[in-house]
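Each in structure tokens, the structures are laid out below.
In what follows, subunit A forms one complex with subunit B and a second complex with subunit C.
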Partner chain A sequence: MKAVKRMSNSSRPPKEKISSYQGVMVSFAITIGTLFITMTREIGSISGEEAYIAVPVAYLISALLLVPVFIFNSRFPGKRIGEYSQIILGRFFGKLLSLMLMLVMVAVAALILRNIAEFWGAALMPETPPWFFLITMVILVVYTLIKGFEVYARVCQILFLIVIGSLLFLVIASLLRMDTENLLPVFYRGWEPLLRGCVRMVGFAAQYAIFSGVLCGHLRDGRTLTATGLRGWLGAGLLISLIMLAVQGVFGPQQVAKFVSPPLELAKIIEIGGVARGLEALIVSSWIIAGFLQVSAYFYTASILLVDTFPRLQFAKALLGVSVPIFAGAYVIRDQEQLFALFPIMRMYLILPAALGAFGILIAVAFLRGLLKKSPSPGRKIGEEEEEGTG
Partner chain B sequence: MKIKSRKRKPVKLTDILGQSQTDQLNSDQAHLEANPDQRQKDAPGNQRRKNYKKPPQMPLVGILDIDLSEVKKRFGNNNSDIIYREFVAGGCDGVPMALVFIDGMVDKNSINDSILKTLLVQVHQIPPDAREGKRDPEQWVKSALLAIGEVKEVSTVDEVVEAVLSGDAPLLVDGMTSAIVTGVKGWPTRSIAEPDTEAIVRGAREGFTETLRVNTALIRHRLKSPDLRVEPFRLGERTKTDVAFLYIKGLADEKIINEVRTRLRSIKVDGILDSGYIEQFIEDHPFSPFPQVGNTERPDRVVSYLLEGRMAIIVDGSPFALILPSEMNTFMQSPEDYYDRPFTVLFLRVVRLIASIGALLLPSFYVAVTTFHPELLPTPLALSIAAGREGKPFPPVIEVLLMEFVFETLREAGVRLPRPFGQAVGIVGAIVIGQASVTAGLVSPLLLIIVSLTAIATFAFPSFLVANSIRILRFPLIFLAAASGLYGIVWGLIFLTVHLMTLRSFGVPYFYPWAPSSGRAILRDTLIRAPLWSMRKRPDAVRPQDIIRQKKDMKPGPRQKDGTNESGEADE
Partner chain C sequence: MRKLVIAAVIIAVALNLAGCWSQKNMSDLAFVMGIGFDAPPEGVDPEMNEYLSLQIAVTRSFGQEASGAGAEPVWVTSALGKGPADAEQSIARQIGRVIFYGHTAAIVVGKERAEKGLEGILDAIERFPGFRRSILLFIVDGEAKGVLEAMPKLDQISVMAMLRMVRHTGITYSIPFGDFVAQTESEFIEGALPITDTVPPGGHDVQKTRDKGNQEGGQKGDKEGGKEGEGGSGGGQGGKGQGGDTSSQEKIIHMGGVAVFRGKKMVGSLEGSASEGFLLFKEQYRNIGYTIKTQDFGDMGVIIRKLNVKPEVNIVNNRLQIRIKTKFWASITQVEIQQDFTDRDVREKAARILGDKIANDIKLAITTAQSYGSDVFGFGGHLFRKNPKLWQKHKSNWPELFSNAEVHSEATGDVIRTGIIRRSN
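Up next is the complex of A and B:
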């Protein structure tokens, strides 16, 4: 209760609100982002022939991870995970949880930043050192986020259409080269490859669940979070599934597992009417946008969790505060090999346990404290009740 | 019966102003006469704002000699163009009067025929019985003797001076504590002509002139609505420029109207010489390369914007009206778009969009491809470029910058030179210098094509304001492309997009209706211009109070036998 009062009295700027459509585009930005660049190889190597089935199934299953976010959104409308965790767990433990999630997001952002720097280097400018991409991208992200979350959402709304367009173009252009032989036979090794691929994919969902916990505080109409979140998650799943289907259909499962980035290889072989070829530089250029938008979302999540932990901290300072460790984390990774080794470890042993643990604890404590019960007067927020001293 | 001059005992200033105010005035006057430099220093604008105190307004005392001498004092003795015409209306024992005006700023015919002639000559033709009881000279002169349409009264010397400076002719009458300002403005003006900056194929040929009243009349001529408001402002402490703020009452958003009023009132500057001055004082983001206030020379365009619920500002002395709020979308539209068929407009807008992308990106793309990504090109083209670039002394970025600089110089020279010379310089420059630089081996032929295409694409914009922004932004993108190829270009474009998303024009997001998005607005009037009969609602960007523009089911079509058209609307 004290925590709620303190939060309401803090000098934090008002939350910028975005529309449901902008929320979907932001969700696309974080769920698709640059995920398809390396994920297709990862799932391809685990699931083999079943990879193109594993992706949509995993997206459907892992949508369950979003359920706690939706529950808390309905009980604490307009509040972010960093805020309602302090209501549920109390000030100290709530802040501890926010801080832990912030650190997880910093680690994720560092990995993704380095991944896209490596990819751009390999695809566009092999002689350019990764630090150049890291620095320029951090500058751009900080500039964008300082302008506010609403501006970021608008940028997503405009620029992510280009990314979606380039991915759909890739899928359509590869249709003629697809061979159904590459998609069969399925399940001849049983269900295990499919399940292993699904489990790996759940790691991605955990990242998105944490971000959704932040996004819910910014939606103009909080009631649309469930629809927004599911549309974002399942829409992204559909697009990634199509990409997986395209790369596997064109190259076959063995080849997909060998490539560093199967979609890039796909872009290299695309040819339209015998005239337009070598379009990979253009397509990869649109993926720069995807990388920027995805990294920005993680920067924002980490910064806002830091602000929620230390309410007197200004957002700009928090942003600069998380930018330094993210840059440092991305910089210290030795090479692509180390990066690829780190990705599964991070997802399976850090992000997934952190997200499951955080939401599990929140659900359990909220249940024990009776905070999950429906409010006696509809539309009344729990925070408000407590502020008035009636809770 | 003649108008008699009323004999009065001499009135002193102290009788009217009171002792303290008279003392203040006298001491100020004496101080200024003793220190002529102080007058200059104390002038508005030269003084520090915090010390600036407006001088007290001096009322007219009703004694012609005193009032006239006060007016003369304000203008000083060295103004040869200020005319003080003193006369006695109604014969030798009539009322002494004086008309003050600036030679060249008034219509002399009006002065002679409608003021002097009536006061000096025709006053005798009025039957004596008609003049019975007309003892009040103010009413008598105003209602019976001045054959002028625009007449108003002022009561202070400062207002008299301001009226003279505005081109009116105040009439000071002995015995009257107010002066009658006669609206006789009439200076030589440019005739109405087709605007050079907004030439169109189909549509009106009229453009604004430099005279405020001509411009407002051009708008009134097209918009015969009593709801059209033309609010007057006088800006510039020295220039006293007349400014008109136009909007349609009941249509434009009151909040934006109030915001514009507030911003206009907050302008405290010595002079306003063009609408461009006002634009820079009222825009939301002064350091952005993108314009946030539109401008036009076309009255039809102003009217169309007013009908959308926008507002306009017209400045005396400028043929450019300001349009606000203005989003990016409005800068890509031409008035012609609404006169042509929708499919033609769609085609033209697509051409403009491609031209804008080309104008912004073509040179930087050339640099990126030739320097970093030759694999992007088909092999024959790549070989052709390589052959063209063989033996060239400069790297692509220097070539591009050199040719862009040459082009911008030619363009600037073409604008400054008299028109026939300007065209000649443009053609000679483009052909001779371009050809010579290729022959001399300084630049490759492909680059010449690229720079020419870029230049032509720049001219495809309906608004030169955005064209100028794109001209400027091309250069940082060229540098970014030279530094890091396509990555640099995309980085620059993201930066530009973020900047565009932060802009607002009077509270309206600059990139509306794309972000924040409105599907209805996108389909109505962005790249697609829906048929006029289907545009039932006004654009909601500027939150018009009355959103409905026309009645439902306006789709035209042949009449059916039962007297209805295709959409079922009954024939009236």
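Up next is the complex of A and C:
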């Protein structure tokens, strides 16, 4: 209980509140981001003909990973995972858990940052060295986030509409080139390819679950988290499923597995009326915006988890503190192939176990301590009860 | 501190306003319009496997053209190399500019080179981010360099004329580079590419007639010349006839048949009716004139307005059976013998004749491809989608199965229009 008392007296920054709509757009930014750029290839190579089925199925199934986030949000309204973990597990173990999640997010942010730099270089500026993209992106991210989460949410609200527009345009423009023969036959190798594709996607859902654990502390109306989170997750799932369908329908599973980025190749062949060509520069530019918004969310999650672990640390210092290892992690990745090899390893063997472990422990301990029970007096929050009790 | 940061940002931005560090001036670039690959000439270093030609836009001539002065719009230069990249480096050393492929419209490969396999060429093109997968690839019945050097009459640049032929007139097989690569790498279908060549401005048939005439006339001339001391008459102009001069004439582009591949190696071609049958199967022979020699109608010209080709494949007693059902909708454009198309029987008869011709052409295309063991129609893919387990069982000996397949082709359809007259008087 001392931990709760200290937390309430700490000098952490006030929580900036965002609307449910902004929450959905922020969710889109982290769930769509640059995921489709490489994920379509990964799932295409794993699931083959069933890839376009694996993506929506995975999104639907892995929504279950968000259930603990929703439960904790209803029990600890307005609190982030880094805060309620200290209430449930106690100060030391709660901080340990936050620290572990922070390190996981730093590692993921490093990979995503490098992925954006590689994509930026490969698609638009092949002669520019990766460090330039890394530094540019880190400066932009720090500049945006230092203004606060609300500013970031507003940036998402405006800029991510462009990204959604470009993705929908790509899907619509590729309809004429789609060949349904590339989508058949399915399930002739049994369920294994579909399940393997789904498992790969679940690792990504774990990332989103951790982020949602942070997002829930920022919603103006905490009760809307379930709707916001599900809208963000399933809306992104629908969009990525459409992209997967488009690339597989146009190129076929064999070619999709071969490309570095199937959506980029799709963007390069789009022609409207045999006249409008070369639209990929515009489309790709919007994807780099998506990458910036996505990596910003990871920077923020890592920083705020650090602040929750060390409450006396200012957010700006925490942000700069996580930026250094993220930049270093992104910089030391040797090449594109190493990056592509690290993604699945990280998702399967680091993020997924970390998220499952963290939420599993929190659920189990909260259950044993009776913290999952409905509050006896409606409208009162468990955190408040305990704070009052200790005061 | 804040002012210092703002000042630093302003200085950094101001310094970068001058331009990007990897800028390339227009005058430093060589704009490649077309790329040609040929087999190296005889007698060169055997390590030199590639003979690359680049059709480069002469940017200086664009200004001269505007001022009325005539100048060649493109310049074709060639170099030998151990591979495409090496040959490109040799050309770069000749021209002293940065080779820029952003405007490249087509890639042409000589038949002899294609028969050796396109592995290195396809890889180099596919790997380079500057090329689009929608770029067009052609096989040249002769030298690729000749096509790049050809001077079309209605276009300034030969590759532009080729693009127009494919995109707008639809007279030849149209397949983007990316789709061709996918075919060559697929286990369900083999690749096919359009064939092009060059002819004198008079046209391909004239050239052929002249060549034939030259051969015959030459032989005749040799005989008669031996007797009378002068060349023969007729189609050719004796041993030193016109045929010898045609090579130095201006050439224009002509689209021919379809090159057939196994893997990435060209193994044969579909010409004439077989080529038409292939285009019909691919449903690319639409809104194009189609001429049939018939007994009842004389020379009958039709335009196929719509086609619907449905292949069915099955394996019975370890033998592949291919059944093609084609439905067409056509318009009559010409008949030689007077006909009353108000009579339904006449229309049906015309449709039957056309149906037989379409069915036979498609069958001819398949049987010709069978002789090369190359399933350019994608029947393997049809079997895979219909019965994946059966495909898995037979895919290892698919070329053999395809070559020995039993082919049935039938076509039915309607004559939906007869032009703006109903009967000829």
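By our rule, the second predicted complex is superposed on the first by the 389 of 391 C-alpha atoms of A that agree within 3 Å, B and C clash if a C-alpha of one lies under 4 Å from a C-alpha of the other, contacts with A are read in each partner's own complex, and residues count from 1 in each chain.
Heads up, the rule we're going with is that contacts are C-beta pairs under 8 Å (C-beta built on N, C-alpha and C of every residue); 3 or more make two chains touch, one makes a residue touch a chain.
Here the structure is a predicted model, which is why all the values come from computation and not from measurement.
In the superposition on chain A, A:271 contacts subunit C only, with no contact to subunit B. Touch criterion not met for A:178: it reaches neither subunit B nor subunit C. In the superposition on chain A, A:144 contacts subunit B only, with no contact to subunit C. Applying the stated contact rule after C-alpha superposition, one finds that A:136 touches subunit B and leaves subunit C untouched. For subunit A, the partner that touches more of its residues is B, with subunit B and subunit C as the two candidates. Of the two partner chains placed by superposition, only subunit B is touched by A:22; subunit C is not.
In the superposition on chain A, contact of A:120 is made with subunit B only, not with subunit C.
In the overlay built on the shared chain, the residue A:289 is in contact with subunit B alone; subunit C does not reach it.
In the superposition on chain A, contact is made by A:188 with subunit C only, not with subunit B.
Residue contacts after overlaying the shared chain place A:128 against subunit B and subunit C alike. Residues 125, 128, 277 of subunit A lie at the contact with subunit B in one complex and at the contact with subunit C in the other. Here subunit B touches subunit A in the complex through residues 372-373, 375-378, 484-487, 489-491, 494-495, 497-498, 501-502, 509, 511, 514-517, going by the rule given at the top. Across the interface of their complex, subunit B is touched by residues 19, 21-22, 120, 124-125, 128, 132-133, 136, 140, 143-144, 147-148, 151, 154-155, 157-159, 275-279, 281-282, 284-286, 288-289, 292 of subunit A. Interface of subunit C with subunit A (complex): residues 22, 129, 132-134, 167, 176, 178, 181-182, 185-186, 381, 384-385, 388-389. Interface residues of subunit A facing subunit C in the complex, by the touch rule stated above, are 122-123, 125-128, 181, 184-185, 188-189, 251-252, 254-255, 258, 265, 268-269, 271, 274, 277.
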